[in-house]
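Here come two complexes built around chain A, the first alongside chain B, the second alongside chain C.
Showing the complex of A and B:
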């Protein structure tokens, strides 16, 4: 393919048009807002000031929040890995009765996350929650507000973020070679030795990548600490939100966001270094399918079974209850009662029948839909150029397009506000704050890295010779684009679009900064409804919204992954492989054939939103 | 290619949907100045609680105004208007007191208008500069309310500072850590303004800041989702901050008899004002709405519904005598509002950073 230099590239009008638009977009929305944030924090009047730094350092509360955020990140790295590896092992590695059922239970985090999940857990384990009621019956001395603070946040986020393990670790496990295990076994290795010395080491690169995502998710967590953290456990992101609202305190918010951003970058750099030091190509080329391992020790076997089903209960309880409650009238919800007699479709009729009830849903669907379409369509053109021409310019652009991956969503949102709340030539002197567009822009920005990576992998899979042949036969650029490239890329493009749509549907972290007061997406409404003090109907509506969200997400997930998730062989493995390069800006895990697999990468949901998705 | 066409069709449909559900948002950006009657007026307020937003929306609708109330705390509402100064979303703002309004005026976010009922209100309650940028509608005392069933009048504190300086009250009063609300901010302002010290941090002496520290140190943090009166009824706490118009409805709902602490300094008085937001594309509608909203009849109805103490003389005549009497009996604290206005945001920032626990 054409590996020509910059000059050759710029001869094509297609490249010039796309390039101009792209350059404008990158400068306006990726570079300037964040640079401006830096400037506004440290050089508000052109001279260096450390006011924000002083304020922050002298604030015990801010320091505690920072510590808490890091603590959360570290603890989650442990708990999420423990739970995540366990659920992967019991569904894919060990021979556990009912593994398929278990898998479906654990997969519940595929269909809901973020604010919706936090709200769901709060409803069940919170002060008037049904689980708390049951617990109080057994332990009358229990504080009804037991489910709050550090423990609650860790608990919820642990079970909310194992999605990555389900996707990536499962995939990698599928590649473990049965013959290696047999060999180990014949040399007398115990179950434990095989697991510890053979299987887990093979999963190391994946675990590495997943751990980073978990860590970043913990660091930037917004909704879970906000909903469940209470007074005792405050973290950075909610504090950023508090200070961002006041013009005079914005520099403090910006500084906190910067701390998050710097921490993220440092972590990525360090881990990439560490990762490069090791060799992990231990996966055999001609592997034979992994056979599920029996646990030979009967006691251990029972214990693992019990644990597996206990976790199953934890995962499924909120989903089941949310679905049930969505049919119960609001009064019964208030009292926490759950009787089948009180069930009806009234809540659905109210949400779907009244424009006010349906409105947030429509707002979210429209925003997510537009953002999904714009990001995919726009990046198809961009990716085409990036994959066709390789030179310093395209490389640089590609790096810049990864900015949204490195910086926390809160920082990007704040940068947009601070840069475009006054007329700015970059956007034609239009003030973007207070419009409906700014949230859309932010949604599109957030989806760029994920979309780019997967589309790029997809373009790379197109057979070069086809294009060359067409070109030799006189086909024009656009014709080649339409008839040869598009059909090859379209499946991936549609899948990526669907995943983007899904992940934005329940967005809270971005919307809370940027949404227009009259067009509040679902995430904000659901968050507002967790605050109590809302009408009973509003609370009941939340359950309906959640169920509708789950249905939409579930259907999309099925369409995208459905076949790959079936017990069938090759596809599942492929899914696991292609995904890896998507994990976190710098490609953390070395995956040899990742970029050559058609449509394979399309398996990342959570991986793509380290800070946004993860509650 | 069929799929591509589908994609295009979906995009178009999505675009249409967005257009369909953005009647005012999109238009207010372009700033078409045709007076735009029938369009939604966006009303920012901190006076939206306890059903006020719903009531106002419904009443306004019968009077021919389509309004959308966006409610937030007083500090937050002010910040929002300031942040949106270059592209205002709101058309009308009401409920804030003149501390906030003077910030808004200073930032050039208020459009001057003299309502038709301007003669019916005491000018002393309105814009202190005399420019008449904003006009008063409701008077509100910001008080320390206590459960009179739990504390006899002679056992009750005599001032906010008693709460942390007298051990009897430790853990018995509610502290609020969401500082975006006007009630909370005024309480802090009412305390800090007594400790003016040009050499102190942000104009307040160390002793003054110790009061804020004491407030958080010895209080019982507000419980999310739980009203102060619910906690008083349950016996968790005995007192906390309250705005006067909120008292009667809560007494009724929770069966608590309220005592009101009357410090010798008096209580901070918030006079809620109304004004047009600079940059609205619906000036005429906004003016008409304000004329309607501040009129004697509407204010009387508002008072009857929400126990508020009106400013409009005609509304005071129609208001419940006990409300008028109660407010007449409250001694207003002489707050140096200029000092407060100048420092409030910095104070709140300092409290957020250093004292909130």
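Showing the complex of A and C:
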């Protein structure tokens, strides 16, 4: 990476072509929509007005959604940490029988999240839900809609967002040096003292970061409150969606999006500080691997085992039921019956065989595939330039490319709608809203920061001397790019592409704003199926979609992270084997890389992406 | 003070220590020396209580402690990487054990400051984060943390292996001085023979979980009790029977020819040593020379043996590769071992304290 001036950089035709395209993209899709949102809110007629603020304050629903969102964020920060730390301790720290099995159960959130997870919980615990039917048999007085409102949202989001703990807290715990535990023990510290005074304090930075991510997830939650919140419990993001549908209330939507954006930025600044504030793990050169700790008090030991398996049931029950019921016909699902005789592949045949069933799946696959390819291919060129030339211009561009990372997806979507629902010169005077392109654009936008960071780390890990050697032997820039750099970054590029594809497949939060009415992706269809007044087969279809998504996600995760992600002895020692870069760049930080931040909604799965940590 | 009695340690199928008997005296600086994987750290951890032996007993002050938890054994330990708690500052690290004991606040502070002064840590350093300390300062924190609980025994597990060569040399001296100052019985584990020789009162050389020899550094070096010890410590050349026969011929000695024979590189000279009149002179040719500044290492081919010779670079003209030279060998310096690897009984070696098996 050489420091080079802007003028020298602009002599290369490759840089100029890439640069022009990049500049247009950044201005058109990253800067202008969000700036326009700000302008439309505060300067609708060219002069500053606080009318939107007045409207917001006088809207009881909007104000309540604000309080609800902050309440949800605060409560989740507590519950997710409690559950998250517990599951990490029982799988990685304490000597618990069957820890491996427990790990797989808790890891179920790796393969399904977002709208799919919220829908799954609703089908099981909601009105007419399978579990509710069973409960009603035992407690006839139970309100069938017991699983709704604040409690249901907190419950679902708590178990959906422990993914960050599984990734980052586990990773950090793995770096705790066994010798420090022995040192504490030799000085007479009890199990509890060691955990409380030695181990947890060492995890403080990562816990803090994970808490912020959880807080942000709660603040921007969309699908869980929408599906399970009921009328009583609505939060900011669903309100933005509601308000944005009408022109008269759009400014309130924009203002709410801005509130969300500002809160996100503030918290991310804090997170970045924490990341910089140093980590606790670099002290020793020779550390010995953590040995699972036996719980010496037998009573505590039994209690912890019972709790661990109870949580295991909570995590796995929806997955198991979804898989089982995906084989059962719609009528049996309705009556809550489950017998092996009633099982068949009919649901799969219907979904995969009928165009109406298959269509949303195809739409999602095409959108996700295109967005994954475009984001990775485009950013390979951009990242190449950013990592080769270091000057004020490339630094500025890099910051701008992080915009989707600091702003919630809801705000970006709204910005795109408000900016391109009328002809605009930037996009050749074409109205983008209502076309199929706008969702693709926003998918690509959303994937930029994550892709950029990992590709940059990958480029950084290529030894500079390789390039220098090649150029000494007369190779031209494009030749070096093709023969030296590409092979080196290709594994990362493929992995990032696969993860991008995965996370977009069941996207709901963006699609709900931008999707074309005739090309509805899976997330929207699944959401629609939860609303009740749909056909008998809708629920069965959703189960099939969910199973297919889980299979696709599971396979991708296995291919990308491979064996490295599985629990067991020496796992971290073999840590270098994953596909994602383990050196250089942000991806190795023991504190969650901020590109992991969940967007709006129960985006547990997006959060798993940047975990070079586990790779 | 410390006694290992018939200790047997196994990890699953692997026998780390088949049978260990060892005695360490009060106030001693005692080193467990051996290559990696030889069981020396396991022996130390057995004493600390981190490893439970399958059989045998560990005694401290005549009392069996095998079943006692580690914190009841009154041992302090400095770990290989110091195992300092990264989330606490220096003061908090040192105070940890005292707080666990629930000492009063004032007492904790008094003891922490007292021990810090004695290991040369200033009051400002006490408030610092660990990352702000150098390797040597971190080591002193680790020692202070161990000593503040007033243990009877200090255990040091390769505490210098983490550091670069120069600092290692300085800390070796500091560590030894601190031990002398506190007068505490110290068990030191290392694979570095230099460390062992310079610091220890006595050394136990480990190999495959067994003690090959126990003795003072000089005994270990000059009268290596087994072929393993002879090869592990110092630099020596294996001699052919022909070479030994020539030594017998030249010096009038009667070294048995069928034994494995070794000669340390500094115990053979290219000039006659007037202090050793009974030396044999053997012809040889210089095969190679490595220059070290203070000395040169020669390899000389003589009577089928490849003999390493250390020659001081004192400014005189030195032979070059290909030159014919004469090796001066004192038969008393030839180390001999029977086929089972045990030192041939010379009076000196028999006197050395050997605890075999």
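Heads up, the rule we're going with is that the second predicted complex is superposed on the first by the 547 of 615 C-alpha atoms of A that agree within 3 Å, B and C clash if a C-alpha of one lies under 4 Å from a C-alpha of the other, contacts with A are read in each partner's own complex, and residues count from 1 in each chain.
Quick note on the criterion: a residue touches a chain if its C-beta (ideal position, glycine included) is under 8 Å from a C-beta of that chain, and two chains touch if they have at least 3 such contacts.
Everything numeric here is computed off the predicted structure, so don't read it as measured data.
With chain A as the common reference, chain B sits beside chain C without any clash. Shared-chain residue A:135: touches no atom of chain B or chain C. Which of chain B and chain C touches more residues of chain A: that partner is B. Vectors from the Cα centre of chain A to those of chain B and chain C enclose 170° in the overlay, to the nearest 10. In the superposition on chain A, contact of A:38 is made with neither chain B nor chain C. Within the superposed three-chain model, A:363 lies in touch with chain B and out of touch with chain C [touch as defined at top]. Touch criterion met: A:243 reaches chain B, while chain C stays clear of it.
In the superposition on chain A, A:516 makes contact with chain B only, not with chain C.
With both structures placed on the common chain, the touch criterion links A:397 to neither chain B nor chain C. Here's the short version: in the overlay, chain B gets within 43 Å of chain C at its closest Cα pair.
Residues 1, 3-4, 7, 10-11, 14-15, 17-18, 21-22, 24-26, 29, 40, 42, 68, 70, 75-76, 79-80, 82-89, 177, 180, 221, 223-227, 345-346, 348-349, 352-354, 356-357 of chain B touch chain A in their complex.
Residues 48-50, 69-72, 75-77, 79-88, 96-97, 100-101, 130-131, 138, 145, 149, 161-162 of chain C are the ones that touch chain A when the two sit in their complex. The part of chain A that touches chain C in the complex is made up of residues 177, 179-180, 182-190, 193, 197-198, 201-202, 204, 278, 280-288. Contact residues on chain A toward chain B in their complex (touch as defined above): 55-56, 58-62, 127, 145, 230-231, 242-243, 245-249, 252, 359, 362-363, 365-367, 369-370, 373, 377, 417, 421-423, 430-436, 482, 486, 490, 494, 516-519, 531-533.
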